[in-house]
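In this document, chain identifiers A, B, C and D correspond to the written order of the chains, with residue numbering beginning at 1 in each.
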Amino acid sequence: MTNSNIIELVNISKSFDGDLVLGSVNLSIRDGEFITLLGPSGCGKTTMLRIIGGFLFPDTGRVMFDGKDITRLPPYQRQLNTVFQKYALFPFLNVYENVAFGLRIKKMPEEKIRARVSEMLELVNLPGFEKRGVTALSGGQQQRVAIARALAADPDVLLLDEPLGALDLKLRKAMQIELKRIQQQADITFVYVTHDQEEALTMSDTVVVMNKGNIQQIGTPESVYNEPINAFVADFIGESNQLEGIMREDYLVEFNGRRYRCVDRGFAKNEPIEVVIRPEDLTICPPEQGNISGIVQTCVFMGQNYAIEVLQDDYLWTVHSIYHAAPGSPIHLYLEPDAIHIMKEFDNDDAYPDDPEEELLAGAEEEEL
Amino acid sequence: MTNSNIIELVNISKSFDGDLVLGSVNLSIRDGEFITLLGPSGCGKTTMLRIIGGFLFPDTGRVMFDGKDITRLPPYQRQLNTVFQKYALFPFLNVYENVAFGLRIKKMPEEKIRARVSEMLELVNLPGFEKRGVTALSGGQQQRVAIARALAADPDVLLLDEPLGALDLKLRKAMQIELKRIQQQADITFVYVTHDQEEALTMSDTVVVMNKGNIQQIGTPESVYNEPINAFVADFIGESNQLEGIMREDYLVEFNGRRYRCVDRGFAKNEPIEVVIRPEDLTICPPEQGNISGIVQTCVFMGQNYAIEVLQDDYLWTVHSIYHAAPGSPIHLYLEPDAIHIMKEFDNDDAYPDDPEEELLAGAEEEEL
Amino acid sequence: MRGARKAAYPYAVYAFTFFTAPLLLILFYSLTRRGPGGVAFTLDHFARFFDFSNPQYMKVLWNSFRIAFYATALCLLLGFPAAYVLANLRPRWRNFFSMLFILPMWMNFLLRTYAWMALLETNGIVNTLLQKIGLPALQLMYTERAVVLGMVYNFLPFMILPIYNMLIKLDNSLLEAADDLGAAPWQTFVRVTLPLTRPAIFSGINMVFMPSVTTFVISRLLGGTSTPLIGDLIEKQFKLVDDKGFGSAMAVIIMVFILAFVALNGRNEGEEMVF
Amino acid sequence: MRGARKAAYPYAVYAFTFFTAPLLLILFYSLTRRGPGGVAFTLDHFARFFDFSNPQYMKVLWNSFRIAFYATALCLLLGFPAAYVLANLRPRWRNFFSMLFILPMWMNFLLRTYAWMALLETNGIVNTLLQKIGLPALQLMYTERAVVLGMVYNFLPFMILPIYNMLIKLDNSLLEAADDLGAAPWQTFVRVTLPLTRPAIFSGINMVFMPSVTTFVISRLLGGTSTPLIGDLIEKQFKLVDDKGFGSAMAVIIMVFILAFVALNGRNEGEEMVF
């Protein structure tokens, strides 16, 4: 990964039928990084990817590639390739011919094609699959052929549009590791689109969190998870307890009727703020050490830990703990000052919607474009 | 939940074109419980559900419902209803008519139907949706209409075939909570099919882990996660470190060249066994407290924690920790005796396959049947 | 795609002109008359058809619709079950039998009709068989019934094919859902299969009704002079009387009726036109 | 489903019998002769056709295939671009134009052919226009070219429809994938669009070639006596000569050729028969 930018989006905006899908987006993508566009359906992430790929032209703004303006260039003249959501393999060609497709267009000599195709199939762990028909392959295998085909032309950037969406959970996890390996081995830039925050966190160098056509936050997985910039990001990436609070003074915040030390400063005195606390940052402790206490409502086994709901006055805390807690019993929790994330009162519009399905519908419409 | 069995499967087996999909399965389902059939694609879980539903007849064995043999009864004569994977709503009917479908068949008077439909739409959180066309609904809404339709006829048992598979991650989590609520509110038995172990763990009273047409383990979420009966279950439900070891004596096991205290007994002296250790049971600790030490290879941020790979001699441990560890640095881990799960050497055939896609393909074929 | 589309345009325009020119010509003929002063606009041809003091032409039109209606109804009655059985066969048999249904369609339809005539003639197969078992010979040819049968025979595949195509695409989980919700097989059929195949049924009705209304060969060969249809009238104007104006006017009238019929039918169909 | 299927069987069997009986009858005629001793088996009809010392019938067959081939090739040349343009129109225009293509099909095809004749006649529209601009009148009717044009006119929709139906179902992401992999528009067309529409093209070829080979009305009306086709011969046997045996034999021969053609064509098509 270098520090030079290979792609720059400048003031990109795009509407469909009068609906603004992308509103003046700016983004720099460094050469060699694994960058993920993350957001709920309908947030504009796929539109952004398609603009980079050349399948859509933006209404305003420029797409720069290696310093050159490629905004109006058709896909076939761009130095980047795409792995499509539903693979888009040519059903009338076998694996070899699918991978060789781009090379034949380039009129590469046959022996070079042969070498390149086996190299690619080696890379995606499908050696010896040359003669197979693509329709007879499993989902994961088709996925890998699609990657091999896209990589065969040796692009500088690979665009991936939710490539693991159609796969089994276990297989998806395996492919995540494999994709990361392929990216590092081929040493090229990956621009990855997903709505799955776990996928985004584990694979990416940089995560771009999007909502409603705008970029909410850009950062490393750690920074977007640990220091979410607003309530939407906090809620979308991982679970969180969200409360309204008041900043009494620097390093002192009040929420749910109590005052807590915190690490934030610079707010106005008594400014209303938003508090976000991760469930795993609440630790079960003996009564004398706790600074939150309540009654256990439910305790659900989640595998690695239990999800415990704790009622304190009117607020229902969600706590993740490796320890079981009996519903109905009192419980004491300790909250460290630096686990209290404070942000300006957020615009409700940007929060993750209560009815996420409206977003889904918007997404479904977007797909068709 | 009572202790009487509402459904009993006795020696059920089923082949398609000579391939054994279910091999002599026995299962008892208690009245009012939330039971989940969990396994990879092609494990036979959907076939089992379809046999309970009456869409398939088993080759051998009996299906008992409330003590009566219903093996050969067609679906429309069974006291249970199904929520189909792809919803299967009638596209030519609106929400009201979809939910009322079963009631009209029963010739229920119109005012009763009206009351029942609004009750059901209330239950699934879609009040006022009566006049909407079902094709205009979002995925999650269609899902809920399908549940309302299936529950309207007041079945004793509801069968659910991967009902959340088509939904967004965030929406899926929300629907998991909702489904659990609906099940408790309606107080009926849910038989739920999924390949998602997280879904199975969080929702179920009982988890039935299946592989290759056989039941591997039946138990509460805690018991299948914490006391997996074999390596397949351990591997399929959550991540795990798996090592070969030797039982030196009761309470003393040797693996990776070292001896550890454990809580298991009753094996032969020096019997070769299989050791399974959960990544989150390995705790980073000061050198003097550790009983495993190695060099950090990678450290990937996963949100709630880091996945750290630690090389000890030839074995690569996977460790989950909330602390970051710098790759290349030495690390010390503590392993409690009761975190060491010991099981008889497993039959390799039952393990989760190295190439899970072959399973996937088998699954794809199964779906068509 | 842009380039390929551009290259295709001239061909498309050519095909289109080639295709609509005769239609425009008919429209032109129907609205003009050749007088001493050249070609003049007129509505006389239409007035002659809709002459209420002498409704002979309207009567023929009515007959054409009536007979086409019988033929369509019969086609539906035979075609739906045939398509249903075909769609439920195992794939191998399904291909074989649908081939048998399609095969005669490749044969010119007049030749098919001649073969059919051989069956119905006074000294044809059916009567020979009847007489062999001691029954009196029947007057099968040159009746309205023969015309309807001829239409059914010729246009049945147009009913079967869209319905068959729809049935094999039917989402099986919808049928299972109905079964699951307590519907017995016949209830599933009435409440789910039928509503789902409605667009195909309407399509089939269109595809049978249209040619039945306009045919004249079938009626001439099998019906003789018993029931002249509108198609016969039109042909006579073109071929024997050489009154292209009146013939064209009748063609336009029937086209308008057909369009109205399709539009009415299409309204129920919604988006899913099957053909 | 079991119940509904059972109820449908009698209708299906009836439809099937009704449908295949005439075919069997033709086969029967072609293999028998009425002699003094009753009906006797014979291969004479076939021998008469394949008489190599007097290949007049085979020549007609050859001519029929040749002309049908021209018509099919022309239909493909016009039909593919037309379907392509149609499929790439915005949905609203698409429906309008496909309606215009389908509309004439509902009109009886003889009537369409008469309209077409009005264009080509010696004193028809085309010649009138030619003379107006000072060019000599052309002999357009009663030529082989007129027959081919008549076939193209009548059967073009059968080429356009399957291709159009395939094109609108085309997976756009495959075209995008080709574009993405560096294929310019025409390369995408040749390497992706064409292979994907192959089954529809073969289907269209079948649907045009079959009726072109067997038609006799078009050749009689537009070709006069210039080029008799096999269809004319068959009709003459049935209608004028009343030699049903020989006519049936020719019908069987042409069916066998057509079946062979379809089988050959179908081999390339694989599973996806479009019609």
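Criterion: a contact is a pair of C-beta atoms (placed from the backbone, for glycine too) under 8 Å apart; a residue touches a chain by one contact, two chains touch by 3 or more.
From a predicted model like this one, the values you see are computed outputs, not experimental measurements.
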item	value
Chain labels contacting chain C and also chain D	none
CA centroid of chain B to CA centroid of chain D, Å	57
Centre distance in Å when chain A and chain B are each reduced to the mean of their C-alpha atoms	26
Contacts with 2+ other chains: residues of chain A	none
Junction residues of chain C - those touching two or more other chains	184
Arrangement of touching chains [line / ring / star / complete / other]	ring
Chains grouped in pairs wherever the two touch, ordered by label	A-B, A-D, B-C, C-D
Touch list for chain D against partner chain C, complex	1-5, 7-12, 14-16, 18-23, 25-26, 29, 77-82, 84-86, 88, 97, 100-108, 110-112, 114-116, 118-119, 125, 152-153, 156, 160-161, 175, 184-186, 188-189, 193, 206, 210-211, 214-217, 231, 234-235, 238-239, 244, 247-248, 251, 254-255, 258-259, 262, 275
In the complex, chain B residues that touch chain C	53-55, 74-76, 81-82, 84-86, 88-92, 101-102, 105-106, 149-150, 153
Partner chain A, residues of chain D touching it in the complex	171, 173-174, 176-184, 187, 191-192, 195-196, 198
Touching residues on chain B, where the partner in the complex is chain A	40-41, 138-141, 167-171, 174, 195-198, 201-202, 220-222, 225, 236-238, 278, 280, 300-305, 307, 320, 322, 352, 356-358, 360-361, 364
